[in-house]
Each structure stands twice: as structure tokens, then as C-alpha cells.
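Down below are the structures I want you to see.
What follows is chain A paired twice: with chain B in the first complex and chain C in the second.
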Partner chain A sequence: MTIFIIQILNSFFYAAVLFLIAAGLSLIYGVMRIVNLAHGTLYALGAYVSAWVVGSALGHAVSGTLGLAGLLLLLPIGAVVVAAVGAVIEPTLLRPLYRRPEEYHLLVTFGLLMIMEDVIKFLFGPTPLTAGLIMDRMGSLPIGLLIYPTYNLVVIATGFFAAIGLWWFIYRTRFGVILRATSQDRRMASALGINVGRVYIQAFAIGCFMAGLGGAIVVPAQAAVLGIGIEVLVLAFVVVVVGGLGSLEGALVGALIVSFVRTAGIQFFPEIELAVLYLIATAVLLVRPTGLFGRA
Partner chain B sequence: MDQKVDRRSFLNQLGVTVGAAAASAVPVIGPAEAQTASAPKGKIPDTPLKMGHMTFLTGPAAVLGEPSLKGHILAAEEINAKGGILGKRKIETITADEAAGTDANVKELRRMKLSEKIDMFTGVISSGNTPALGPVAEELGLLTIFVDGCTDFLWDKAVPNPKFTFRITNIQSADGVTCAVAAAQTWPTAKKIAHIHPDYSYGRNAFDHFTLAYKKLVPGAEVVSEGWPKLGTTDFTAHITKAMSANPDIIMSSVWGGDYVAMYKQALRYGMFNKAKFASTIAFGVAPHAIGKDHPEGVIAGVHSNYYFTYPAGNRWPANKTFVEKYHKRWNEYPNFQSDGAYHTLHMYRTAVEKANKLTGGWPDEEAIISQLEGMYFETAAGYLYIRPDNHQGYKDAVTGFSKNVDAYPFQILDPNRMITIPIRNITAPPGWPKPGSGHNDPTSTFNWIKETWPQVA
Partner chain C sequence: MGSPATGASTWRLLVVTVIILTALAVLPRFVEIYQTQLLTYGLVFAIAALGFNLLLGYTGLLSFGHSAYFGAGAYAVAFIVRDLGVQSMELCILGGLAATILIAALFGFVCVRHTRIFFGILTLALSQVLWSLAFKFFWVTGGTDGIRVASAKLTLYGGLINFAGPGAFQRFVYAYYYYVLALFAVSTVIMWVIVHSPFGKALQAIRDNEVRARFVGISVQRYRWIAFMISGAFTGLAGILWVPLNGLTTPDILYWPFSGEIVFMSVLGGFRTFTGPIVGAVVFNYLKTYAVASTEYWQLLLGLVLVILVMALPTGIVGTVARMTSKLRGRI
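Now for the complex of A and B:
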């Protein structure tokens, strides 16, 4: 029973991180119709920046004066940096390509992925960075005879509130209306006086922020390792294929399905852990080619 | 071999030694670099010697792979500072990122030979890559010394009769067996084993050989849990929980590189190291400074059964002392087993060329260099290295050890006073032992040899 509870928490933890990444990927596709292959690497950048900040002199100073709360406040810096990087990438690298065929988008974002992987290694070196101080400060909760890291609950909560916040933002605010209008018909939105260029920058930066936030909150629990972005990009694609590219609900449901199926695979069928996710994606594609919540 | 023996006497037969005093009567020889010959014979061209070095420069394996390139560069700089090999031919290195994937790596090897005209190829970390690259190197007639990629499959199946290809680090089966011997000796009552391995050839090989050898040494041992995370995964929470759920005595793992760093951080917070003993084939294979002081002490933290820079300590094995000092001076960090492998690959090659030159004069052709490499007995930082002529595989005594925090280093190290050393011939199949597919279908010839010849400990 204890194991059962912990594995469910593990699944929610993983789903929270996957949702943050997939939601950003989906948002960017929904608005700009760009499949951003560099998205996973933006997640990695968020992880590295946050780990670096927490481990730096600033981190030590803050933990000295403000303690744990200060460290937690430092974490989102990674997400903010990634959003800023996104705000530079969109107008410079992506905007000239919107009228070109999709292959150009894939080539440019893939090139960006390669460059950013090298930039990360150049800036932070090949040795993994960690922000384990936060985990240690928060300790663990006893569950039955086992323990569960308290910080992981923070990650789950962050994923939950990010989902609600993003939903509210897109469906309940004026900016959300503009965003949805632009995504449905760019020319009409532009004719109605919406500054489409600015909306694009904002949407792209928000998508990047989500990816960066995913990296920032995962890094205390794991480590910033070279190549984490690649691994996660593949899983984020499985999530959006299952949920439907461009759909926020799809990203949420997809993340939960992928995460729970993966955990069940690990617990009960370790030999086919790798295959089981792709089997699900295949099944969804056969039944609903646009994904569970996708638009045709 | 049905007669029953007790564990202690069998471990004695295996020649397992623990502690600082493992290196027995050692003749005094200078370090590798000093094994220099007299003036070269004949006319030596002064064209540069082009070498290709392929290793992981990106991705989670870079923390294990980059030290390989650093070892290579250090040796090349030493050789070039003396005017090059035979005093004439300086080494120029072209690098390639192994993370490009197996197909791309094969293409890159061809490109290096055909358009860059390299004279020698070296490096390579992954066991997924050497079986693809080996046959191509043979086909191209390119002298190749793999630093790692140590799968038994390379010589068992992919290149059963190598001519141009060699490999310097210990063969992979030794890794699982070394870990099993160390665990059986340290925790002889542990019977329930949970496994977490990366799901590809290295993880499978470690699982197979550990399990076989451990069952021979500990009667009644059983596998109570298996986890096969994808290579490159950083989320191990579900694997850790699953392994703990089986109430194992030992959790055994071959997760490596950046993946391992992520795994042990998570395992700490789940209390995994308090619930069971932990044994790994390769935990400390990464660049030493990647392992923090928060890593649990007293676990079996393997080094791919090859080398750890603290052992042998002091000046007991001067080749190690010199190597570590030079490496630290050049890179401001400490070497791992890949650094040792890549560094001594070049010096071994240089030595072979010098010896061949004495016989043939001028710049020796490949055949002459190969005949010197075959059967070579060479001093490295890790101890004596023997290149077996039949399969071109390098053999040295296998080591593993226990993790410990000491004040002298800002990271956790392997305790040099508690190293476990096993003579390699006692844990690996001898020359001529049937390969898989000829008389048996076991995973490796060593697997079959252990199955057939080791007694079952009572």
C-alpha cells in the first residue's frame, strides 16, 4: 500500500514536469504553428541557470539571510532567463520563417537545439550541477515505513497551479482572447488592429517560461545533466501526440497518461518500459489522429 | 566441477585482495613516458601523424567521456614536446562527438580515414558503438585502439579475428563479475538482489554476469526486482521506489555518467541507501569531482573494474603518482579511468612504433606496429596491461572499492586502503574458450566459462 501511494506521488511529480514542458510546446504551436525542437533544450537551460544560481554565492547569501524561502524564490530565475532568451529568439530567428514551409522551422529549431546544447556545456561545463540544498532543507515525509521527499510535493503543487493559471490566463483574460484570436486567424487579428508581432513574442516567451520553469523546479530533485533536454523533448512529443498538439487540456491529460503508464510499466512490466509509451501513442494516433483533444 | 567448496576458500582461489597492500613485488620501472628508446633508425618523415579521437563531447555521457579526450591531449602534448613520435612525427588530433549516434559515428570514421587520411583511430566510450565501428576499421585497414566500449560482443561476434583493432580497457564481463565478487565477499549473507540498469548492452551485460557469478558465490541468491531505465533518463523515482518495494538486501546498478549523479541524488531523498546495501559496477567511473560528498559512504562504487586515481596511493606505483600529478597540472582536475585509458593508448602506440622502428628502420608499416602491440606488456597508471594476441583485448587486474569522504579532496573518493583487486585471468575466459555460437549460446564466452568451470559455493 505504501509503495502504491509513493508510486502515485511519483507519477504526479513526473506529470507536473511533463505538463510544464508540453504545455509550452503546445502553446507555441497553437499560436505560431511552429514545432519548436529546441524546446527541451530551453528546459535544460532553465535547470542549469537555476542550479547555478542556487549554488552560487548569491544562493549562499540568500539562504543565510532568508533561509529556505529565499532559495525557493531564487529557483524561478531560471524560468525568467529562459523567457528572456525566448523573447530574443522569436523576432530574430523564427519570424523570418513563418511564411516558409515547415521543414525550415524544423531545421532552424533543430540547429538552435544543437547550438544551445553546446552553449550550455560551454557555460556550465560537463559536470552535473545540483541544487540539492533545497531538498536537504525540506527533508522527507514518512509514508508508512518509507519516506517521501517533501520538495516533490512542491513540484506537484507547482504543476497543478501552473495548469490552473495557464487556463485562466488563456480563457479568462483579455490577453487570452487576443492570443486565441491570433491563433485562429492571424490576418484577421491583424486587420482588427492587434499587434501580431508583439503577441507572438509574448506567446513565445510564455511558452519558454513554462519550459524553463519545468527545468527550474526539477533541478533540486534531480540534477542538471547535459542532454536532459533531449530526453525530455521526446517525452513531451509523446505527451502532445497523445493529448493533441496545440491543446492545453491535451497537454494536461497527455502528461498524466504518459506519467502513470510509465510508472505502471516500471512497476509491473520492467522489460517493456521503453515500448509501452510508444504503444500508447500509436494506439491514440490510430483511433484519433489529431490526439485526444486535438483539432483537425 | 560439482564438488562443493566454501566461499572463503574459493575467494582465496580467485586471489581477491582487499586493502592497500595489493600490489605485490613490483619491479622498479620508470613511468610510461620514460620507457623511451634510443635514437630512431633510418629516415623518418616529418609529416604530422593524424589521429582521430571519438568520445562523448555532449550529452550525459560527457562527464565520463571528456576525461578521455583530456588524457589523449595530455599524452599528445608530451609526445609533441619531444618532437613527436620517433622525434619527428608530431600528433595532430581530429575529434568527433560520439553522441551523434551509431550510424553517424560509422560515417564519421569513414570520413576521417578517407578524406582526412588519419593514421590511427582511438577513443569511443559506448558499447553500442564499438561493434559497429570495429568491422569498419578492419575493412578500412585503419589501426584502431578503442579506449572503452568494452563489450565482450566486439571480440566474441563483431570482430572475432581482429587485425587492425585493439582495445585497452578491461572487458565488460569483468565488470559484473568483479562487482559480484566484491559484494559476495563484503555482504555474504545478502540473498535478495534488486537491479537497476540502463536498458542497452552494457546494462544487460552487467546484469547477466553479476547474477551468474553472485549465484555461484552465494547459494540461494535471487533477483527480487528489475528496473531497466532508458539510457539518458534523469527521473529514477519510480525505479527507486520499485527496487525498495521488493525489500532487497542489495540494490545493484550499472547506471553511469550524469544519469548516475541524478540517480544517487534522488535515491538519497528516498532513503534508498538506508534500506539496502548498494553495489555498482561504474558509479565512480565519471570524472571524480562529479561525485559530491553527499554520496553515501561505504557502498561498492565501481570504476568499470579499471582504475581510480587514488590507488595505488603515494609512491607505491610511481606511474600512477606521476600520471595523476601531470594530469592535475594540465587540467586542474583528477583523471578517471577513461583518462588513464586514452593517455596510455597513445604512449603504448608510441612504444610499439619505437620497437618496430628498431626492427625495420624508418617509419614502420602497420603490420610491424601491430606485431609489436600484440602481446605487449605495458606499464600504466592502473598497473600492468597485457594485450592478448588472440583477441587484441587489453587485460589488467580488475579493481573496485568503497566510497569514503576524506578531507584531502572536495569530492568523495574510493578509499585507497580498502580497494579490492582481482587477478583478471581468474574472472575472464582464457584464450581459445568457445565463443557464443560455437558450442554454446550464452551471452559471452566468459559467461559460459564461469557457468562451466566455477564451483558452486556451498
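Now for the complex of A and C:
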């Protein structure tokens, strides 16, 4: 029974991270119709920057002056940096492409992926970075006869609040209305006096922020290593394909499905755990091409 | 691509082809053994890109999962050599092609139901199924260690040439170069015939206007499926030929960034032309080899090339050269 609870918590942990990545991917596709192959690498960048910031802060601060809360507050810096990178990428690299076929979107973002993978290697070196100290300091909670790291609950809470925050932002604010209008009809929005170019930058930056936040909150639990972005991108694809590209609810439900299937898979059928996920995505695409929550 | 082949242009094409093939045939006499090896790799990738481009350039479908067919061919050869003890390369090719076509038929059947971005994602997801299997079933596939295929164990031309005894490596490099060159020439001719046949014209019609193609009576999905299988078979052949050259097959060639490299090759050469992917694959191979040799950050270099290419030269090398020569001609 205890194992069962822990596995469920693990699934939620995993779902929180996946949701952050997939929601960003979906938001960007929903607004700009761009499938961003570099999205996973943005997640990796967030993880690296946060780990580096936490590591340097620990190295420079006088011992004891930097409390746990201080370290936790340093984590989102990674997400902010990634958002800033996104705000530069969109107008320079992506904007000239909107009028061209989708193939070129994939190609440019694939090129971007290659560039950013090496930039990360150049900036942070080939050794893994981690902010594991945060996790250690937070200790763990007893669950039944076992213990569970408290930090994982922070991640789950972050995912939960990010989902609510994003929902509120898109459906309950003025900016959300503008965003949805632009996503539905770009030219009409532009005719109504909306500065579409600015909305695109903001939307792309928010999407990048989500990916960076995913990386930032995962790095105290798992080290940032080269190639994590490439690995996670395909899983994020599975999430958005299952949930529906461009749908926020879809990203949430997709992330939950993928993480529960994966947790069960690791427990019961470890060899085909990944294959099953990709097959689920294929099956959903065949039966419901727009995903569970997607619009045509 | 679209102009009907008149008598004169057919002759010119034939002459150019003969000159290029002759040049390729005598080249190993003048360069180092390493260059011969490098060019063999280039020709192998050219076959892969040629197959890939039947879908992108001629049918208008961007597959981001062609690593699956390259890898299927490669792993099929590795299994045939290791588990069945086969030595003849010809048998390996037959077995590998059968395996690849089977997988391409299965995946294609699923994928051709969609176009555009969904086609790309579907092909990617399915290729990752194979990758995860090769990655996880390590007692069958060797996991990340892969499977070793020693070139010394293989024979070419039904056993006429084997690679035992001293100097085997050198003999293998030269014999294998001509082997790959011959298969490359045959593949190119077959692909040329395919894209200029009524079937190839139908694919181009589907690419240009799906609705009209359907009105004319082309069963769009079935044509796409057949194109998918042919495309997979060519890329599979490349994977088959790649294994003895590399001596090892690992899950890397099934991982999706390798699919991206195949796309890269075609775009580099220019996917709107028949020769583009061939040129692109050979150039890409040199580019990557020298980038890897000269800097730790070769990915950065290749990524920059790709981004600049898409932004500034979307027609690729062949398209750009063609435009420049026609401009020059216009001036004279």
C-alpha cells in the first residue's frame, strides 16, 4: 500500500514536470503554429542555468547566510533566462518563417536544437550539474514505513499552481483574450489593432518560461546532463499528441496519462515502457488525430 | 525536374552521368585510403537521402523518422550475421531489405493517413518505438554497446571476394568502395526511373494538389503508401551497406536526431531537385567529418549551417548553383 502511494506521488512528480514542458510546447503551437523541436533543449537550458546559479550562490555566499528559502527562490532564475532567450529567438529566427511551409519550421528549430546543445556544453562544460543540496536540506517525510523526499512535493505543488496560473492567465485576463484571439485569427486580430508581433514574442517567451521552469524545478531532484532535452522532447510530443496540440487541458491530461503509464511501465514492463508510450501516441493520432482535447 | 526529357537533354544527362561515374571509379587511385572510406560513407548516405527525398521532394511528406528504416536495415544485417552465421553480403542485403520493407509497410500504413505536421510526428513516434526496443532489449541488441559486425567475416559477390589473411582491411576498403558505388549507381537509376514513370508523376500531382489528384482518379493514400515503402527500402539499403563499413551498429542510428540528419542532407543539397539529396549527403558527410575532427562544438557549426541554409538558400546547393548558372548564361 505504501509503495502504491509512493508510486502515485512519483507519477504526479513526473506529470508536473512534463506538464510544464508540454504546456509550453502546446501554447507555442496553438498561437504561432510552430512545432518547436528545440523546446526540450530550452528545458535543458533552464535546468543548467538554475543548477549553476544555485551552485555559484552556495560557493560565494558566507556560510549560513543563504537559507533554504533563498536557494528555492534562486531556482526560477533559470526559467527567466530561458524566457529572455525565447524573446530573442522569436523575432530573429522564427518570424521570417511564418509564411513558409511547416517543413522549414522543423528545420530551423532542429538547427536551433543543435546550436543550443553545444552552447550549453560550451557554457557549462560536459560534467553534469546538480542542485541536489536543496533536496538534501529539505529532508524527507515518512509515508507509512518508507520515507519520501519533501522536495518532490514542492515540484508537484509547483506543477499544480502553474496549471492553475496558466489557466487563469489565458482564460481570465485581458492578455489571455488577446492571445486567444490572435491564435484563432491572426489577421482579424491585427485588423482590430492588436500588435500581433508583440503578442507572438510574449507567447513564445511564456512558452519558453514554462520549459525553463520545468528544468529549474527538476534539477534539485535530477542532475542536468547533456542530452536531457533531446530525450524529453519526444515525451513532450507524446503528451501533446495524446492531449491535443494547442490545448492546455490536453497538456495536463496528457501529462497525467503519460506519467502514470510510465510509472506503471517501469514497475511492471520495464523493457517496453517507452515503446508503449509511443504506441499510445500513435493510436491516439489514428483514432483522434486532434488528440483528446484538440480542435480540428 | 518537370521538363520533359528531349533527345538532346537525355544525351547530355547520359554523358554527364558517365563522366561522373568514371571519375568516381578512378578516384581511389589518386587519394589516400581514408578518403576512399569517407567517400564510401558519403555514397551510402546518398542512397538514404535519395530514398528519403521520394517522400519529401516528390510526394510532399516530411518524415522525421527515417532513422527507423536505416536502423532496421542495419540491425537486420547484424542479426543475420550474428545469429544465422551468414557470410554472403548479398544474402544480408536480401534479408535486410525484406525486414526494412516489412517495417516500412507497417509504419507507412499507419502514417499515410496523415499529412503535414501530423505525418512528421507520427513517423517520429514510430521510429522511437524501434529505438526504445533496441535500447532496452540489451540481451538481444546489445543495448548502447550495439552489435559488432566484423568486415573480415563477410564475403562479396557470392563468395568471390573474401577478407581473410594479411592486408584484409585495405582490400576491404577498396573492394567495398566499388561495391557501394555499383549499388549507388543502380539505386540512382532505379529512383530516376521511378520519379519519371507515371507513378512518379502521380506522386508529384499528389504533392502539388491532393484534391485534384483525387479527382483525376489517383487513390492518394495507396500511392503514398507505396512511395513510403520504396522510400523506406532505399534508406534501409543504405543502413545495410553502412554496417560492414562502420563495423558496429548502435541505437544512435535509430534515435530521432539521426532522422534530422537525413532531412538535413536533403535540404542541404536541395530537395526540389533529383540530384540535390545526393550532393547534399556527400557534402554533409564531409562537413560533419571535418567539423567533428576540428572542433568539440561541431553541432553548433552544423546547426548554424542549417539555419543559414533555410534562411538564405532554401533551394540548397544544387538549386543555388542552377540559378547562378542560368543567370550567367542569360548574361552571355
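As a convention for this text, the second predicted complex is superposed on the first by the 288 of 296 C-alpha atoms of A that agree within 3 Å, B and C clash if a C-alpha of one lies under 4 Å from a C-alpha of the other, contacts with A are read in each partner's own complex, and residues count from 1 in each chain.
Rule of thumb we're sticking to: a contact is a pair of C-beta atoms (placed from the backbone, for glycine too) under 8 Å apart; a residue touches a chain by one contact, two chains touch by 3 or more.
Everything numeric here is computed off the predicted structure, so don't read it as measured data.
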Combined model on chain A: chain C and chain B, fit or clash: clash
First, second, both or neither for A:Phe293, with chain B first and chain C second: neither
First, second, both or neither for A:Val241, with chain B first and chain C second: second
Which of chain B and chain C A:Ile230 touches, first, second, both or neither: both
Touching partner for A:Pro149 - first (chain B), second (chain C), both, neither: first
Chain B versus chain C as contact partner of A:Leu106, first or second or both or neither: second
First (chain B), second (chain C), both or neither touched by A:Gly132: first
Chain B versus chain C as contact partner of A:Gln7, first or second or both or neither: first
Partner chain(s) touched by A:Phe209 [first = chain B, second = chain C, both, neither]: neither
Chain B versus chain C as contact partner of A:Gln267, first or second or both or neither: first
Segment of chain C intruding into chain B (one of 1-9, 37-45 or 271-279): 37-45
Set intersection of chain A contacts, chain C complex versus chain B complex: 117-118, 121, 230, 270-271, 273-274
In the complex, chain B residues that touch chain A: 57-63, 66, 99, 199, 226-230, 232-235, 237-239, 241-242, 244-245, 257-259, 261-262, 265-266, 268-271, 275, 287, 289-290, 292, 294
Touching residues on chain A, where the partner in the complex is chain B: 3, 6-7, 10-11, 13-14, 17, 117-118, 121, 126-128, 130, 132, 135-136, 140, 146-149, 151-152, 221-223, 225-228, 230-231, 262-263, 266-267, 270-271, 273-274
Contacting residues of chain C [partner chain A, same complex]: 56, 62, 64, 110, 113-114, 116-118, 120-122, 124-126, 128-129, 132-133, 135-137, 255-257, 260, 263-264, 267, 296-300, 302-307, 310-311, 314
Chain A residues touching chain C - in the complex, by the definition given at the top: 35, 37, 93, 96-97, 100, 102-104, 106-108, 110-119, 121-122, 230, 234, 237-238, 241, 245, 270-275, 278-279, 281-282, 285-286, 289
